[in-house]
Amino acid sequence: MDYNAILQEIAEEVKPLMGQGKVADYIPALANINPNQFAMTITLFDGTQYSVGSADTLFSIQSISKLYTFTLALKHYGYELYKRIGREPSGNPFNSLVQLEYEHGIPRNPFINAGAIVVTDALMDHHPQSDIAYNEIRDFIRLIADETTIDRDEIVARSEMEHGYRNLALANLMKSFGNINNDILDVVQTYFNHCAIEMNTKMLSRSMLYLANHGTDPINGEVYITPQQAKRINAVMLTCGHYDASGDFAFHVGLPGKSGVGGGIVAVIPKQMGIAVWSPALNGQGNSLVGTHALELFTTKTGLSIF
Amino acid sequence: MDYNAILQEIAEEVKPLMGQGKVADYIPALANINPNQFAMTITLFDGTQYSVGSADTLFSIQSISKLYTFTLALKHYGYELYKRIGREPSGNPFNSLVQLEYEHGIPRNPFINAGAIVVTDALMDHHPQSDIAYNEIRDFIRLIADETTIDRDEIVARSEMEHGYRNLALANLMKSFGNINNDILDVVQTYFNHCAIEMNTKMLSRSMLYLANHGTDPINGEVYITPQQAKRINAVMLTCGHYDASGDFAFHVGLPGKSGVGGGIVAVIPKQMGIAVWSPALNGQGNSLVGTHALELFTTKTGLSIF
Amino acid sequence: MDYNAILQEIAEEVKPLMGQGKVADYIPALANINPNQFAMTITLFDGTQYSVGSADTLFSIQSISKLYTFTLALKHYGYELYKRIGREPSGNPFNSLVQLEYEHGIPRNPFINAGAIVVTDALMDHHPQSDIAYNEIRDFIRLIADETTIDRDEIVARSEMEHGYRNLALANLMKSFGNINNDILDVVQTYFNHCAIEMNTKMLSRSMLYLANHGTDPINGEVYITPQQAKRINAVMLTCGHYDASGDFAFHVGLPGKSGVGGGIVAVIPKQMGIAVWSPALNGQGNSLVGTHALELFTTKTGLSIF
Amino acid sequence: MDYNAILQEIAEEVKPLMGQGKVADYIPALANINPNQFAMTITLFDGTQYSVGSADTLFSIQSISKLYTFTLALKHYGYELYKRIGREPSGNPFNSLVQLEYEHGIPRNPFINAGAIVVTDALMDHHPQSDIAYNEIRDFIRLIADETTIDRDEIVARSEMEHGYRNLALANLMKSFGNINNDILDVVQTYFNHCAIEMNTKMLSRSMLYLANHGTDPINGEVYITPQQAKRINAVMLTCGHYDASGDFAFHVGLPGKSGVGGGIVAVIPKQMGIAVWSPALNGQGNSLVGTHALELFTTKTGLSIF
């Protein structure tokens, strides 16, 4: 397939959508970004990359980081992790407290905020100090993205903490149910640290290869997780990866994927490639408006879909 | 692959689970069934079938019928149908009124009861008379299952109606929001009629082929729906096919599937086969306990999975 | 106290509020009423009445009828009635299904719609035929209001039934939990029949005397209920009589009261008088906007309040 | 009336209930209390007190303190306070986050935990330092109870803070909606400080006189709040003073009252007296089991009731 041509077509076809949607505005660092940016990269199993747009521009990966922490926690704890989080779609906005209260502090899945905070807390059980815990997460991302320069934007991390009352509410509520072990401020700070990591679409699509290849990096042969764990991460991405629009994403795009409010989305075509797309303006459900559309165009044009 | 051997192994391995779970007991006709029954059939694109267990025994397909009515309504209305139902997982039990009220009478997806009742109502917009509407549904199922004897169990249908107050509550609530057009008693009766249809695993697995083959029957070449519609039905099955355990099913089985409280489950392996399994005792989420386990064993043993 | 002067003052002071609020518009018979009407009557224990405005104009008492059916059901069943309904404020709109579902079909109190439907069903346990059940209710109201002409507006009753899907949803939901004994359509029709009764403020304020006088009519000496029952009905009026604005009514008016969407409100000053006010336009919580204000003025001007 | 005899009778009649219920056990300081204690005091407008049981024993007033902070905040802010809190019953447990989320961080009333935390935050707007804010509250209680020794139990206050994650969750959630102005830890610490104040039934019943007397202390003539404010506080006590059992308390006791998990309850008979009762074991709704019963006996025996 002529992936270059397809990506060019997509870039052309999404242009009319530029200007729609709204960038995340709950912290200044994200609110001030130029919304009219676009990038898309696919990475094949031999390392070949095809890109269009600003594929070298770094942006805040935000909730995409939850995919990496979930993987890392599964490496450490395996199936035990599911005593502390579920894997069901939530049917509620990503930061709702309602369901968490009804379900006694066990978050529905690792991709809603509450679930990701529990995952971060689990990682801190080994490294209770916030900075060391963050370093472990960052180093794992550097490893799977094969890129040693990846790091957080400290201004974003600090700014999130200053506006993070709802996440602190979630963490305190879970602590009241006994589902947070470490100091709440440390856990939430670590969580914001990994959300503030910056990457570009080249790095992100590269980092998806182990999930497309049953847990093993197809380029360097490194085994990160078991085939079963990789398949199950993909399943959780498909059912829960886009908050309350996960069904819609599966419906329109038909691929396991994970989005972040920075405007990035990663997706996986099993046995074939990793994909990343970026455009900062978000739709009503908090996912990249242009990015979602670009991925739908990609599966339509290529006929690639898990269904 | 030696599918006969695999099915035999599965039948052997699920034996210790017989006796666990509980048959649906809200109507006598279902409550009196012998729980220790099991059947599983796969149907390939050339029509070859492999079965194990009581694959000729008819049982009540119940909510599996929602898959057929959803297909039929998409044939009639296409994308317009989504003005009346969503395609998001519900995060609530299958017959909850809570979400329906908060979301102003628009059911989350076509597989929760409220959604299936709206789909039935949509079909009755063409055939407002209950019996004719039922006949259209039944004939479509006969067509895709290639089996002219398929029909409903009238005792089950009547018995459901006698205990169907919660479904009547759902229908009345949606009517109050303007999302039911036809007479409520007729709509709910038609709904119970198609839920009371009886099939066996041979018929059910045969009837999945069009969904595995992008909308076209691979045996007789009949085009039922478009490739895009077929993929999207599969996506909705994956994210919403098992009520509040849909995430768990995707996680453990990794296939688009739909279950019914009669103990049946159908599943699709895109481009390869249709699958049906049956065992009447249900797990805590209302899905066949042994059936779910058998499907998990099947994807583990064959390595077939969409992820 | 010069009640005539006080009522005149009130009528004058509420004039600027005329034009605010909105009449109930869910059925044509109520929607077409002239909103700029006002009446207020107080009835003392010796039968003396003071009125202002259109105190002879009949209007639909709607939910005020729930007070009479609640009294009648307490006469029949006493404390047993509380097995089927609670007496707690609901914290939700008057016709919500959410709480009813969480609390397994037991309505929070006799004044939300679900609770009033259960009360009507309880009355029909003696008189399963809708018309006879209605007649018993009507005759009781005639008795306590000392007015033999009181009856329902049949057009309103029929019209309510045609738009009563939400109440049918409530009734079906409660039936699914086993908390409705009689035929659903009959129960809901009887409920709409008593809601469609017409009275004026003279009749309504007269009918409150037994509640102001511990269960005994102070004029004719008739004992309707026990002192304890009367006090408790007043308590339930105070905490639950105005749906989700009950706290606000207690806060501003400080009297036990019950409102209806026809624009009427009745209130009780223990040991002193019955009060009725009417003005059709409703505030955001579904209570008479001018009526609520008039009652607040009355307690402010007279210093009469239970607190 | 022979109040001594009545109180003796009550003490006798509640004896068989001793042993029922359960003391609050979320912090050790409360869990270790002897449940079989009882005290009751009434204070008349001339200062005469009648007591039975351990009326000199100090206990933790807990949520009764919310009544004093609510009064104090009304003194400071008047009607403006209602921009930040409502006055409707909540229909949910006292520490639920659900309603708070749906209603955008505005607590339903000043007596649920969220509401009391907002009230404490409002008091800290004048005195942002926790200790000074606490001192103002304590001094006001000393004033109205006419007892200069009243103070907090520091072990209880500290212990609450160590187990206060749910209250921290509430405070963070409200902060995310902009309804908390001061430092969260300081606000919650101040809140726990005033909950940890210790009083006995003599002090508590004395402190209710201003509410029974329209805002003015009947003994020393001090005007604390306006008559309207006092009546409205009584109204809020009646509709919201006992969490999700407020309707039940109004129904059975028929007086404005406020309870605390330390087992104390205060109540007001307008124009006549203040009442306090104490017994540590709680009923299922978190109110003193014996205390509630004693108050019901008191209104039954004396015929005193606002209805």
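As written, the chain order gives the labels A, B, C and D, with residue 1 at the start of each chain.
Heads up, the rule we're going with is that contacts are C-beta pairs under 8 Å (C-beta built on N, C-alpha and C of every residue); 3 or more make two chains touch, one makes a residue touch a chain.
Just so it is clear, the structure is predicted and the values come from calculations on it, not from any experiment.
The most distant chain from subunit B is D, comparing centres defined as mean Cα coordinates. Interface repeat of B-C: among C-D, A-B or A-D, over half of the contact pairs recur, by residue number, only in A-D.
Centre to centre, using the average C-alpha position, subunit A and subunit D are separated by 47 Å. Separating the CA-averaged centres of subunit C and subunit D is a span of 32 Å. Listed for subunit A are no residues, as none touches two or more other chains. The touch graph of these protein chains is a ring, one cycle where each chain has exactly two neighbours.
In this structure, the chains touch in the following pairs: A-B, A-D, B-C, C-D.
Per the touch definition, subunit D reaches subunit A in the complex via residues 96-98, 101-102, 165-166, 168-173, 175-176, 184. Interface residues of subunit C facing subunit D in the complex, by the touch rule stated above, are 86-92, 99, 108-109, 228, 230-232, 234-236, 238-240, 244-248, 250-252, 254, 256, 270, 300, 305-307.
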